[in-house]
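Chain nomenclature is as follows: A, B, C and D, assigned in order of appearance, with residue numbering initiated at 1 for each chain independently.
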C-alpha cells in the first residue's frame, strides 16, 4: 500500500517532469542548425530547393514552431510519438524495437559493474594498507581513467581478431538463425564484450565507493560493539560493515543505471549493438526530431523508473526509512 | 592478393549457392530506391530494383530489362525492346506500361529525373514489350539516363493512384531485380534472398545477401578481418586501413565500379564575398593546395589530381589544360598582389569521417603556409548542409558526382541559372559567367561529337582561368572483398548494380 | 598538524602533485618547446617513436610531431578539465546551497530543476549541446559544465541540509547575520571539502568527456587535444599503436594524478583527522 | 569473594605522533576482584576509555600498547593471539559503550544482534538463542521484550537502547563487565534505573565491574573502590569511602569540591518589580512529515507556557528529556516560531515585530549553546566569531574586533586567543568563548541551554562561577535550561519544572527543592544519584561561592 501510494505520487511528478523535458528538448533540438529535409536532400546528392520545400511540407516543418510543438505534445498525450521522418516508421515501433537490446546491454553492464565493483571494493577495504588492497585500487583507477572506446577497441582486437574467442560486434550471429537456448547462448556471447566494456568504468566507481564507504562504516561504534561481542572478523565485514556501506551505493547505482542508457552510445557504436543509444545518435545527426524526442522521452522514463526502483530497494534495505514511511 | 581480380578470367566456373556478407553504413532510411536515392539505399536497392539498361565500366550501355534498343538517326527517338518473361517480386507481370508509369513516378519525386525527362516530348508503347521515347531535340546524354539509381522501374499495379510516400509497400519494396527483400532487423542486418523467378536463366548465383549495419569504421575493418564480412564497399573503412586490409591473405581490392558516378572532390569558394570574390585569391588557393600530398597520404595514391573542372575519366575532358602546381610562393605573390589583408577565412570540412577531417587539417595547413588565416568550423551533416545551402561559408569541402556526362553532373555547378538558395547541390559558389552558361547549354544538345568537344573545351579553359572553385581530387572508390567473391563488379556503378552476376567459391 | 603537513605525508598525493605539475608545466611551456603549430606536417607520416632523431614520440598519420601535439594538447585538455569543472561548480554550488539552506519550496523547485537535467542521459545531452552550438572549445566546456553540475548541486545541498542545523549556524542567525553571510561565511567553508574531492574527480571525467566528444567528431577542430589525438589515432591503431597509446597514457596519468590528489585532499581535509586533540 | 580477576601492570599506551602527549596512559597499575565495582573517574581525556579499550583490544588505530600487562585470570590479554582473545570477548569480558545511540547496527533487528553474541561463540541453537534473548530483555526490564526483539534500534529510545547494550554485554554472564560511561547520555530517571540494574546484576552474579564515569554522584552511589585518573596517570586509588571523604590528592579534592551540591542558593531580592520578560500562553506544535509517503506526525512541544522573568533574575528550567525546554529557549530567541502566545520584552511584543525593529530588539536576548564544540564554526577565528554579531549590526570591523579581545579578557582568556581557531581550545575554554559571543551584543537576557552539561565537573564549576560573576557585574537576566537539578539549584533564583510541554511547577528554588508540590518534581529529585549519601554534603556546602 505504502509503496503503491509512493509510486503513484512519484508517477504524478514524473509525468510533469517528462512533459517539461519534452518541451525543453523540443526547443533544444530545433535550435540545432539544419533540419531533416535538408539532411535527406543532402544525402541524395542532387536536389533542388523545390524538392526540399516539398519535404518540409510533408513533414509539417513549414509550420510555426509553437504549432509543431502543440501537435507533438498532443500526440504524446495520446501515446502517439509520431513518425520518424527518415525511416518512415512510427517512432514508438522503432524505439520498442531497440529498447530490449539496450536494456539487455545496460542491465548486464550494471550487474557486472555492481557485483564486481562491490566485491573488489570490499576486498580492497579489508586489505586496506596492504599491497593487495592497493593493487585493486590501482586497477580500479586504471579502468576509471582509460577512455571507454579505447578499452572497446582493444578488447575487440584481442578477443575477436587475434584470439577469435568472441564475436566482434552485433547482437547475434547473422544468418545462423539459432532458436531457443542456442539463440540465448549466441546473444550472451555477443553481449560479453560490450557489457564488460560499458561496465568497466562503473565498476571502477563502485569499487572506490564501496571501499570508502566500508572504511568509514568500519569506524562506527556498532562495529566496535560487534567486535566486543567476539564476532569473527569475516562476519563483521559482511553482516555489519558491508551491509551498512551498501546504502549510499544503492542511491548512486540508481542514478547511474539511468545514466548508462546515454553512456551506451559509444559502446553501441563500436560494437554495432542495435540499441537506442545509437538510434539516438543517428536521430540527432539526421535531425529526425520526432525520433530524437522519442528517445529522450524513453531514456528519461528509464531514469525515472530506475530511480523509483532504487527508492524501493533503499526502503527495503534501510529499516529507518521504512519506519519513517 | 592486392590486385584487382573482379572481372576475373582465371578459369573458375560460376556456380550457384552461398551467401555474401556486406557492410552497409549508414543504415539506409528505407529500401525504396525510387523514393530515396542516398548512397546506402543505392548500394542495396540495385539488387531489388532494375532499370532498362546497365552501363559497362567503359560506360557502354548494356541490356537489363531492355534486351535491345535503337536510337533514331536524328537522335530523337529511342526504342527499347523489353524481356517478355519479367515478373515483379509479387508475381505480377512487368510490361511497357510499368516503364511509362515509372518515368512519370520518377519525374514527380526526383528533380534529376525531371531535368532529364524534360527533353522528352512523348512516350509510346506500341506493344507490351516495347517503349519508344520521342525527344524534343537531340540530347545525346539521354541514353545514359536508364541507370537503376536514376530511373528504377516502379510497379504500376502497386503505386498507381496512391500517395507514393505513404504506400505500405515501401516497407517491403517490390522490384524485378535478382534479389528479393526478406528481412530487416533494424540496427543489425538487412537480408535479401535470391529471386527464384528471375527472368535471366541461371541468375543470380547467390542464395542470400546479408547487409550488416556496423556504424563504426574500425569495427567494420575488424569484422572483415575476422571473416564475418566478405565485401567492404567503397567508404566502409578509413583510407588508412585500405592497404592493410587489402594485403590480408585472400583479400582483393578493386578501384573499378565508380565510372558512372565519377565522384569529384572540390572546395566551394564563396565567390560572392570577401577575398574569395577576387580571382587572384582563388588562384592562390589552387597554388597553395598540396594535392599530391593529400592523394598520397589520405587516398593511398589511388585518386587522380584533376587539371580543371572535368574529370579525366570523361571523354569530354580537355587534355591540353595543365593543373595548377603546388607553389606556395606563387600563392603568396598573388595574395600580395591583391592586397589580402589577413582576414580570417572560415573553412568548413565535410563531416564524413576521419579522412575528410584529416584532409581539412591538411588544407588548413596548406592555406596557412601560403599566408591565409583560417579557422575551421566543424559541423555535423545537418549543419554542413545548412551552411552550404544558405551560402554561409567561405571555403567548404564537398564532393559531387560528375556522372557520365557534363550536362548532368558538371554544368549544374557553374550555370548561373542554377543559383538558388536552399539546396546544397546547385551553383552554391555563386559563379556567374554568361559565356559559360551559353557554352554548357549549347553543348548539352549538340549531337555532333566534334562540335560538342569544342564547346566543352572552351568551357574548361574559361573555368580553369577563373577558378570558381578549387578542384581537389578525382576520388577513388576502392572496394575490398574476399578474393573468393567473383564477378562482384561488372558495371560502371559497381556494387550498386547488385550481385546479379556475383558468385562465391565454396569450400572455405 | 597543518593541512600541508598532513597532505604531504600522503605519498600518493605527492606523486599526484608531481605528475600534475609536470603536465601543467608541459602545457605552459608548449609554446616555447614547440613554437610551431602542432598541426604542421613536418616529417614522413607514421614514424615510430625514436625512429628519426628530433621526433622522440614519432609522427602521426599526417606526418605531424606527436610530441608537439602532446604538449599543446596538454594545454587544451587541462583547460577543458579545469574550466568546465569550475563552471559546473559555479552552477552547482549556488543551486545546491540555496536549495539546502532555504529548504521547502525553494528546495523543491531547485531539485526538480536538477532532476530535470539528470533525466537526460548526460553524454547524450553533451552531444546535443555541442552539435547545436557547433563544436568549439567554448561550447565543449559549456556542454560539459552543463551536464556535470547536478551531482555537485546534490552534494552541496546535502551538506547544507545537515550543516544548517549546526549550532554555530544558529548562533550566527542569533547575532543577526543575514542569509548571505551565513551561507558564504558559516556554511560554505565547512561544506567545501567533499566538494573539492568531487571536483578532482570531475576534472578527470571532463577530460574523458572531451575526448569522447572528439571521438564522436565533435571536438574543436582548431585545437589539438589529447582527446583529438586519441580519436584520430583510432583509425590507424593497427598501423601505429603508439599514436593512441601515447595520448591515452597521458590522460591516464592525469586522471590518476587527479585521483591521488583528490584522495590526498580528502584525507587532509577530513575533520576527523584534523580534530585530533 | 575477593579473588583477583583482572590485574593491570605498568600499562602504558603510546599515542600517535603529534598527539597532545606521548602516552595516553602511563604506569597504570590496578587490580579488580570478582564481585567488586571499581569506578574509574577523572577529567575528560585522562585515559579512562583507553584503558578499557586496551583490555578489550579495541584501541583506535595509532594507539599502541607500549608496555605492561593485563592479566585476566592469569593470562595476558594484551599478548594472547587474536583468536584467543576473541573467544574471551563477549563470553568472559563484556563491555557497555558510552554512546547507546550509535552502538547498535541500525540495519539489524535487536533480536538478531542479541543472538549474535551466542552465535559468535557457537553456543545454543537458533531457537534457544531467541529464548535467551527474550529472557535477557526481560531481565533488563525492557517493556514488551517480545516486540523489542523484532524492533530495529531506531525504534527504541536512548534508555531502551542502553538497556539492550547491557543485555548484550551480560548475555553470556561474563566474569568482567567494562562499562564506559553507560549513563552519560541519559536523563536522571533513566540513569537511576540503569545503575540499579547493573548493581543488581553484579550482586546476583558476582561479576567484577569496571565503571567509567565522570559523575561523582554515580560514584557515590555504586562504587566499592575508586580510581582517579588525570593526564594518563592514576593519581589516587582506594575504597569509595576513603577517596570521597578523605581525598589525599589535590586533584581529587578539586574534583570533589566541584560537585554541585543539593544546597539551594539563598533567595535574592529582585529589586526591579517590572519584569524584563513576560511570556503568556506560548504554544508550539512540531508538525513533521506529510507529503507523498510520510505520515503526518505532531508533537506538542509547548502548551500554554506562562512565566515572567525580572531584571537580574535567574530562572532555571528543568525537566526530563523531551519536555520542551530547548523549544522554549529557542522560541524566546526567535530560532523557532511559536504557534501562539505572547513574548514581551519590556513592553514590546517580540512576535509582532518584523525586519529592522525585530533585529534591534532580538539582539537584547542572546543564547549560550549547549555544545561548546558544535556551536563554534571550526573555520572561523575566535575573535572573528565574537565580532561577527556586532559587525552584522553595523559596528565597524576594527572596533568590533577590539571589543572581542576585551570580552575574551572578561571571560578569562588572553587577548591572543582571538587569533586562534576553536579546535585549539579545551571544552571549558570554548564554552567561555560562547559566553563572550553572547555578551558581544550587550544583551539584557541570556538564555543558556544546557550550557554546562557537556563539561566535566571541574570545568562545569568554573563556568557556573563565571556566569554568576558576569550576571552580577552586568546585571544580566538569565534563563538557565538544564536537566541537572543540582546545577540548577546552585545558581537559580527560581525554578520552572516542565513535563510534556507544560509547566508543572514553578517557584523559588528553595521552595521547589525542599517542598516539591508536583509528583513529577518529586520523582525528579529522587532520581538524583548520590543524593542519599550524607557524607558528601558538607564538603560541597563549604565550597559555595
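The working rule: a residue touches a chain if its C-beta (ideal position, glycine included) is under 8 Å from a C-beta of that chain, and two chains touch if they have at least 3 such contacts.
Just so it is clear, the model here is predicted, and its values are computed rather than measured.
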{"item": "Minimal step count in the chain contact network, chain B to chain D", "value": "2"}
{"item": "Reference chain B; chain at largest CA-centroid distance", "value": "D"}
{"item": "Centre-to-centre distance between chain C and chain A (centres being mean Cα positions), rounded to whole Å", "value": "22"}
{"item": "CA centroid of chain A to CA centroid of chain D, Å", "value": "51"}
{"item": "Gap in Å, rounded to a whole number, between the CA centres of chain C and chain B", "value": "45"}
{"item": "Cα-centroid distance, chain A relative to chain B, in whole angstrom", "value": "39"}
{"item": "Where chain A touches two or more other chains, by residue", "value": "32-33, 153, 157, 284-285"}
{"item": "Multi-chain contact residues (two or more partners), chain B", "value": "218, 379-380, 383"}
{"item": "Set of chain D residues in contact with two or more other chains", "value": "none"}
{"item": "Interchain pairs in contact, sorted by label", "value": "A-B, A-C, A-D, B-C, C-D"}
{"item": "Partner chain C, residues of chain D touching it in the complex", "value": "16, 18-20, 45, 333-335, 359, 362-363, 366-367, 369-371, 374-380, 385, 388-390, 392-393, 423, 434, 437, 440-441"}
{"item": "Contact set on chain B toward chain A in their complex", "value": "19, 21, 26-27, 29-30, 36-39, 110-112, 165-166, 170-171, 185-189, 191, 208, 210, 212-216, 218-219, 222-223, 225-226, 228, 379-387, 389, 400-401, 412, 420-426"}
{"item": "Touch list for chain C against partner chain B, complex", "value": "37, 39-41, 45, 61-63, 131, 134-136, 217-222, 232, 234-239"}
{"item": "Touching residues (chain side chain A, partner chain D) in the complex", "value": "2, 5-6, 9-10, 220-222, 224-232, 235, 239-240, 243-244, 317-320, 323-325"}
{"item": "Residues on chain D engaged by chain A in the complex (per definition of touch)", "value": "56, 58, 86-91, 94-95, 97, 99, 102-108, 116-117, 119-121, 152, 154-155, 165, 168-169, 289, 292-295"}
